[in-house]
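Okay, so here's the structure we're looking at.
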Amino acid sequence: MYLILLPILFPILAGLCLLVYRKEPERKLLTAFTGICLVITGALVVSALTLARQSLTLFYLTRTLPICFRIDEISVLFSLLTVIVFICAGLFAFVYMKHEQKEKRYYGFYLMVFGVLNALCFAGNLITFYLFFELLTLSSLPLVLHTGTKEAIMAGLKYLFYSLCGAYASLFGIYFLYHNCDTLTFTAGGVLQVSPASPEGRFLLLIAFVMILGFGVKAGMFPMHAWLPTAHPAAPAPASAALSAVIVKAGVLALIRVIYYIFGADFLRGSWVQTAWLTLALVTVFMGSMLAYREPVLKKRLAYSTVSQLSYILFGLAVMHPDAFTGGLLHVLAHGFIKGSLFLIAGAIIYTTGKTKVHELRGIGKEMPLTMWCYTIVSLGLIGIPPTGGFVSKWYLAIGGLAGDIGIFRYIGPIVLLISALLTAGYLLPLTIQGFFPGADYDYNTLQKREPARLMTIPILFMTILSVIVGLFPNIITDYLTEFVSTLL
Amino acid sequence: MSKRKPAEEYHKTFAFHFFSWLQGEKDPYLGNVEMKPQEEYVIDPEMQLRHEKEHDAILDKVYDMAHNRELRLFHRLYQATSILFCLFLMALLLVTISHLPATGAAVKPVNNEVAARYIESGLEETGAVNIVAGMILDYRAFDTLGESHVLFVATITVLIMLRLDKNKKGEPNPLTRDMNPNDRIYEPKNDAILQLVASFLVPIIIIFGIYIILNGHLGPGGGFSGGAVIGAGLILYLNAFGFSKTERFFTEKTYKWICFFSLSFYCLAKSYSFYTGANHLHSIIPKGTPGAILSSGLILPLNIAVGLVVACTMYAFYAMFRKGGF
Amino acid sequence: MIICIILLPIIAGILVPLLPFRKRSHKEIFLEGAVILNSILVWYLLLHHSESTFLLAHFTGDLNISFRVDGMSMVFAGLVSGLWPFATLYAFEYMTKEKHENTFFLFYTMTYGVTLGIAFAANLLTMYFFYELLTLVTVPLVMHTLTREAVLASRKYLYYSLGGAAFAFIGLIMVIVYGSTTDFILGGVLDLAKIGDRTNILLLIYVMAFMGFGVKAAVCPFNSWLPQAGVAPTPVTALLHAVAVVKSGAFAIIRLTYYSFGTEFLRGTWAQTTVMVVVMFTIVYGCSRALKETHIKRRLAYSTISNLSYILFGAVLMTPLGLAGAITHLVFHAVMKISSFFCAGAIMHQTDKRYVHELNGLGYKMPCVFGIFTVSALALMGVPGLAGFISKWNLAQAAVDSNNPLAYGGVACLLISALLTAIYMLSIVVRAFFPGRDFDDSAIRDVHDPNWKMLLPLFVFTVFIILFGIHSQPIVDFFYDVAAGSY
Amino acid sequence: MGPNLWINYGEAVAAILFCIGFTNLLLQTNLIKKIIGLNIMDSAIYLFLAEKGYIAGRTAPIVTDGITSVEAYINPIPSGLVLTGIVVSVSVSALMLSLTIRLYIRYHSLDLDEIAAQLKKEGR
Amino acid sequence: MDFVCNFPFFSILISLFSGTICSVLPEKAAKAVNRIVIAAVGVMSGILLLYLLGTGESFVYWMGHFPAPWGNEIRAGILEAGMALFFCIIMYLSMAGGAHKLFDEVEESKHNLYYILINLLLSSLLALVYTNDMFTAYVFVEINTISACGLIMIRQVGRTIEAAVRYMIMSLLGSGLFLFGLCIMYDLTGHLLMSNIKESVALLIQSGEYQIPLIVSVALMCIGLCIKSALFPFHAWLPDAYGYSTVSSAAILSSLVSKGYIFLLIKIIYRVIGFEIFNNTRIIDVLFVFGLLGMIFGSLSAIKENDIRRMIAYSSVAQIGYIYMGFGMGTQAGMVASVFHILSHAATKSLLFIAAIGLTEVSGGSRKFIDLTGAGYRNKWAGVAFTAGSLSMVGVPLFSGFISKLLFAQAAVQVEGKMLAALIVLGISTVLNAIYFMKTVIRIYATTGDTSYPCITFKDMKVHAIVLLFFIVLNIILGVSSQPIVNMIEQGLAMFA
């Protein structure tokens, strides 16, 4: 049973060792160590996943605050995503981080974040979850700060500020939940026994809203989305990939846990909170796309895209319909792989060319064809063109949205999603077009093949393939999901 | 978005702030935290000194009557309130007086058994024909003891204030030099008329004073009034003949010892009488025959003592006032 | 026994300038020995305490100076005696750079005794007595450097403290007159029959007394002495202005509220509302001032202001849970804040740097100090797994449990303050460890961690921070028992 | 207003005099005039006392012809008080005058406020 | 009658007579006589106090051969004897403490005159304490005033003379009013002896006659004594008088002279008018208000002051305000508090004055704060003593000031209408006290400072240091074992009635 602890503690301890170790070790040694740690952790996670549906109560913070871990379907889904993205981004970093200082620190915190994320996935109650949620913020902060430029530091502090705002807003909720619930253990269908019509219930609705806002910060939900576009460009590319693909998903995970496992969907369904949440999600979807569309810097554009796409997921959660929920979860996977690879591609481009703005990248497709092909494929996936992963998830989302009991949003939702998809095409495809069709005045003489190192392309390729697989064989996942989604809703 | 406004102005608009917030450009930190180190708190000691000096200067100015309007205003206010207060006091006293027992009436609280006993048995108990003298020197002698000490302490304060002593090295006080020529103005060297008049008036005055003292227990008069008369005689003598004459028989030393012996006698005699009275012992002092010159116990000696003191004191006051010494 | 405990440090302190120590180390051994001995005695007493009251002297009437060991005094005395030996150890090293050592240790050690006096006081008068004494023995410590700044600070400190005590005194009088006794009895001693229809006046007096004692606990608007008093040597700022003195204020308020006026009398009145609003405002105010402050110690002082009001917030909830929360934070905050102050002191001692913006890159030069500072910063923020989370949890639970809508606002204040805490604490950490891309560290090449005398206390405190954070159950249970009156 | 104001006209005069003296003492800037005010005040009190002791149709309390009957003499007590009072007043006047002389010698002024201003200027 | 009962009479007589003797003695002998007299009177008062505590009853003593309404009388109870003892202690210590400064400040040839004044002052104080006769009280009030004036002006600098003039003017206004009040009272009752007046007053109150004159007379006497004891609006003379006279004078003036008048007022309240009757007049409200105002404004003036002696003097104004506030409460408890404060303030204020001289001495004779910086290090004893005195004034436990504050507050709580005002002003006044006293204390310890001034060690000023020590001990005794003293005061007041 204590096996659950291994994938959590091992990377954290490994990271700590790296940090505490005084000298800067040789680069090869460092990468080897990190790589081995990553792989071992991956293996540990997978082995830990066999322990599904068992719970481990570790100890009590105070008399009534247990730290406990438990693995369920959601954990499996998220931890798999984490493992894949982290290993890919880790490999990518081995090359990319050459041009940054203080690699040891980077890897140390990288490993720690990995462990913390695993813990987050395995957390069995709200307290444990909150503990690691905070730790996640703190341990991922150095990743954002890493480059040490003034912008990076400011971005890092901003990240911290927003995240803590969110965390404390949700802590506010936790205080009240603790008071009104017998336990805070995650239980499918919720543990809250209060009727939403009673006075406490009405107050708890407010609490629910506060918590949605709070955890929504991590998921980049309007109005607390602003940290994302600042933090992502400031961080090194592999870190942004991890951030965008996984860490922001922690917010999603948190919302799932709180809404579906603590409050229970029935508590919120039809209340003003759901309406508000839907509105916010849709606003974010649209706004993120619009901002991305106007953004010249590639990584920033991707960051806005993340804002928008995450709210797809949030929309799926907010609808509270099995189909939408499935769609949301699918989108977690799809978006994770896609955005991961997108950021790695952006990193590869920066690493090889040093250019950051979209309009500077004319003809890039000629220079880095493999990378740009991957880019094109995952872009299509994000837009939602079959047979990529994005299509399936959006399909489910739309279906769920239409079927859900959400009044006017039944129509607004899918429409916004559609518009946003168009915008997505609008902001992602220009690079492809410019890259492959630089236009008549492009000077082919300056062109040179600059395909990045293999250690960089392999992760990109791997994730691209995975995103396509999600689109091609969604049944594997949906079958797995629908079963327990029915227990939730 | 129209760009008609210049950039700076645009940066101030709400729209700009809103959009920059929307895009995540607005930073909660930038320019807010740690951008400017605070100045270490330093006070220049000189400044501090000057500050305190200025404080003093301001204080001085505040007290500067001529140039301080506030103070003048306060002065006016003070005067006005004083007058009001006095008027109020007067009204109050008049009202009070109107409620007091009528003057001259025989039956009122004042005329009670106290006064009655003084009058009825005063002669018998004190031996003094003059009831008032008996009262103040026997019944209520403690008051009178105090009273003579009031005079004594007043002389002492006058001495402190005006006596011009030689300093440690025996040099005269610098003020003496100013006083002496000053004094000449008052000292008519050879005013024949005055000297002549004085030479026969002074003895009469002094004898009259002695009479008053000695008859204090028999008729109107007493130590104080008699002493004052004698003092007046001495002062007249001084004015006519100058300090050089008086110094032959009356110096500070004389004064000191006369006062000392008189007051000591007074104190001791009265102490004896108080002590015997309080302890219900028999006083050995004879009362004598009422009406005789040697009668009424201690009253006569006491009157003499008081008279001496008062005479000397009066003279001393005058001498002090005039030139700060005898 | 209690007298002995209170007098021992005072006598030891007085002996410091009198005894002819040949070497500095002898003095250190003497002082440390005395302090440790006293701490051992205190703990012995706490573990074997009896219920009886020890009467020292009669004052006027039925007022007397007497001592007793009860739950609250166990907590406070235990806390103080736990921290003092370490702080003394730290002070030895720190004071090598300062002048007038003897005077310093004289008053520093005396303060120990006086603080214990506050802890063990059995009635309001005794507590007031030691409370005033505490002001007096700590003033020389604030004034220690004798710079103009220090003089101004100590002057302010005195004005505030004595002024506050004057108003607390009025509360004392009220308890004397309207209470059945001045002894501390959980639940209050007010005699409702005597009060009659004077409830409102009494409440007004309570608010005045609260603010009076609150001066020491740095309640807004009477808090400005605390940051200024930061000019004192760091052991003083750390131990006194983060623990002993200011906690005495909080302790006194708890005594006043729970043991003298009684929560039954106060709960739900406008007085409670008033003080709660004040406290909530202070929580936020302290943090926001800390955010603007760039002097490290002053920043920490503002942080203390805010955190003290956490304690008071717990106290003014006027429920047993609230008291438990207050006590928890009283103890935990002491450990956290002393740890961070000692780090700040270590930095000042090693580098003479005082401002946050001067700390760039020091994290790599003094890893231990800054590591510990980070831990304490995180703990102050209330990161789960560290002590701060537990105390805040208890406070928030008490607030939620009190069913007082204002208290809900208080929870929000706690969280806002936690957020601001994060910013002002972590911005130091970030600076130290992320000095910027092209940071030139030639200026700080020779900087290194201080020696063991400074580090040992730091490590011990850190261990406690983590220990309290992870496994607080026994001690928190004890606090709940205290709050419920079982001790 | 009570019934006896006109009967007590002596006392009324004393009261008015007292107030005049009082006002003088408060308001006069000249020290000598202040002292005069003081003396007026004191005299007023003696007048008051004398009025108190007076009983219509009786003589001074000196035993004449051995008659020791209450009906014969006025009340002796106020007279005694006046005697004592006069001595006190003389002493006080002497003291005040000596102070005035000293101040005048030093500062050549009899105005207390002016002297105060001079003192400030001296800076002592 | 026991022989001990003669002691009050002996005390008064000895001190009066010694005044006379001193006029012919050289300075040293005069000094010795003075000390011996004070000590002897103190011892006698102590014995008397013990005797009275034993018998538990007060007694009257005929001054002469005639009983009560005809002859003079003095009266001794616990409170009187205690006061006399206390006054002697303070006076002795003040004299000893300021002795070494006397040479600098007074012309040498006038030293023996100084001792005359002190002796007469003592006698007048004793007479005020013991007397049972209003007119005697008036006469001795005058002695007190004149000798106090002498004490002020014996140091002949311009300021003291000016202060003396002001003091005299105010005092004379006061005596005038007092005497007028006394005359009216005499007219109404026909008596001058306190106990007889009280009986008559009770009768008058019962019969309802002469109500207006009665009240006016009481008011006039009160105002007279208030003016003399420098209650708030009448305090203009005080700072200069206390601030510039010789140190012993200042100590004695502030701690004893004004207290003598106040004690007389207490006697009048209890023994002449009757406590209940007095409390039913509106006079106590006036006293209360002026007391409160004095507490505030005295302290405010003290804060503004930057001369240490004047500051202490202003503080006296505030402290006198406390005492009158106690009167104004109109309860037994308030009166007890006031009486205790008389003691406490006397002990503290003289300590402060004498410590202040020690401090100015090591600061080049300047009393400006700026020059006093660091004086506490140069003269350690004086520094410590000044600190102790300040703490007592602020009302820190252990010192006497705390107890009086405690008593005042306790008394205030029992008075419905005045409670809040009294308590709040008490609080504010404590804050203000803290401000100016602590400012000074910190100032004298501020820096090791200017080394151009010499340091003084214990050897240089043994007497001074010992006196300071005694004062501190006195203060602490009052502060720690106050219960017997308070009991004594209560008993004494009970004897008054």
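Letters A, B, C, D and E mark the chains in the order given here, with residues in each chain numbered from 1 onward.
Operating definition for what follows: a residue touches a chain if its C-beta (ideal position, glycine included) is under 8 Å from a C-beta of that chain, and two chains touch if they have at least 3 such contacts.
Remember, predicted model here, so these are calculated numbers, not experimental data.
Novice: State which chain is most central when centres are taken as means of Cα atoms.
Specialist: Chain nearest the overall C-alpha centroid, as shown: C.
Novice: Please indicate which chain is farthest from chain D, where distance is taken between mean Cα coordinates of the chains.
Specialist: A
Novice: Name whichever of A-C and B-D has more C-beta pairs touching across its two chains.
Specialist: Spelling it out, more C-beta pairs touch across B-D than across the other pair.
Novice: How many angstrom lie between the centres of chain C and chain D, each centre taken as the mean Cα position?
Specialist: 67
Novice: Between chain A and chain C, what is the gap in Å from one C-alpha centre to the other?
Specialist: 43
Novice: What is the distance in Å between the mean C-alpha positions of chain B and chain E?
Specialist: Distance between chain centres, rounded to whole Å: 19 Å.
Novice: Take the average of all CA coordinates in chain A, do the same for chain D, and state the distance between these two points in whole angstrom.
Specialist: 103
Novice: Return the residues of chain B touching two or more other chains; collapse runs of consecutive numbers into ranges.
Specialist: Chain B, residues with two or more chain partners: 29, 93, 95-96, 99-101, 110-111, 114-115, 118, 140, 143, 147, 150, 153-154, 157, 161.
Novice: Can you list every residue of chain A that touches 2 or more other chains, as numbers and ranges?
Specialist: Residue numbers touching two or more other chains: 157, 161.
Novice: Hey, what residues on chain E touch two or more of the other chains?
Specialist: 135, 139, 142, 146, 149, 153, 156, 161, 180, 186-187, 212
Novice: In their shared complex, at which residues does chain D touch chain E?
Specialist: Those in contact with chain E are residues 2, 18, 21-22, 25-26, 31, 34, 38, 41-42, 45, 48-49, 52, 77-78, 81, 84-85, 88, 91-92, 95-96, 99-100, 102-103, 106-107, 112, 115-116, 118-119, 122, 124.
Novice: Help me check something: in the complex, which residues belonging to chain C touch chain A?
Specialist: Touch list, chain C to chain A: 378, 381-385, 389-390, 393-394, 396-397, 399-401, 411-412, 415-416, 418-419, 422-423, 426-427, 430, 433-437, 439, 469-473, 476-477.
Novice: Of all residues in chain E, which touch chain B in the complex?
Specialist: Touching chain B from chain E are residues 1, 5-6, 9, 13, 16-17, 19-21, 23-24, 61-66, 69-72, 74, 107-110, 113-114, 116-117, 120, 123-124, 127, 133, 135-136, 139-140, 142-143, 146-147, 149-150, 153-154, 156, 161, 180, 184, 186-191, 200, 210, 212-213, 216-217, 306, 368-370.
Novice: Quick check: in the complex, which residue numbers of chain E touch chain C?
Specialist: Contact set of chain E toward chain C: 391, 394-398, 403, 405-407, 409-410, 412-414, 419-420, 423-424, 426-428, 430-431, 434-435, 438-439, 441-443, 445-448, 480, 482-483, 486.
Novice: What residues of chain B sit close enough to touch chain D in their complex?
Specialist: Touching chain D from chain B are residues 60, 63-66, 79, 82-83, 85-87, 89-90, 93-106, 110-111, 114-116, 118-124, 129-132, 135-136, 140, 143-144, 147-148, 150-151, 153-155, 157-158, 161-162, 175, 178, 219-220, 222, 224, 290, 317, 320-321.
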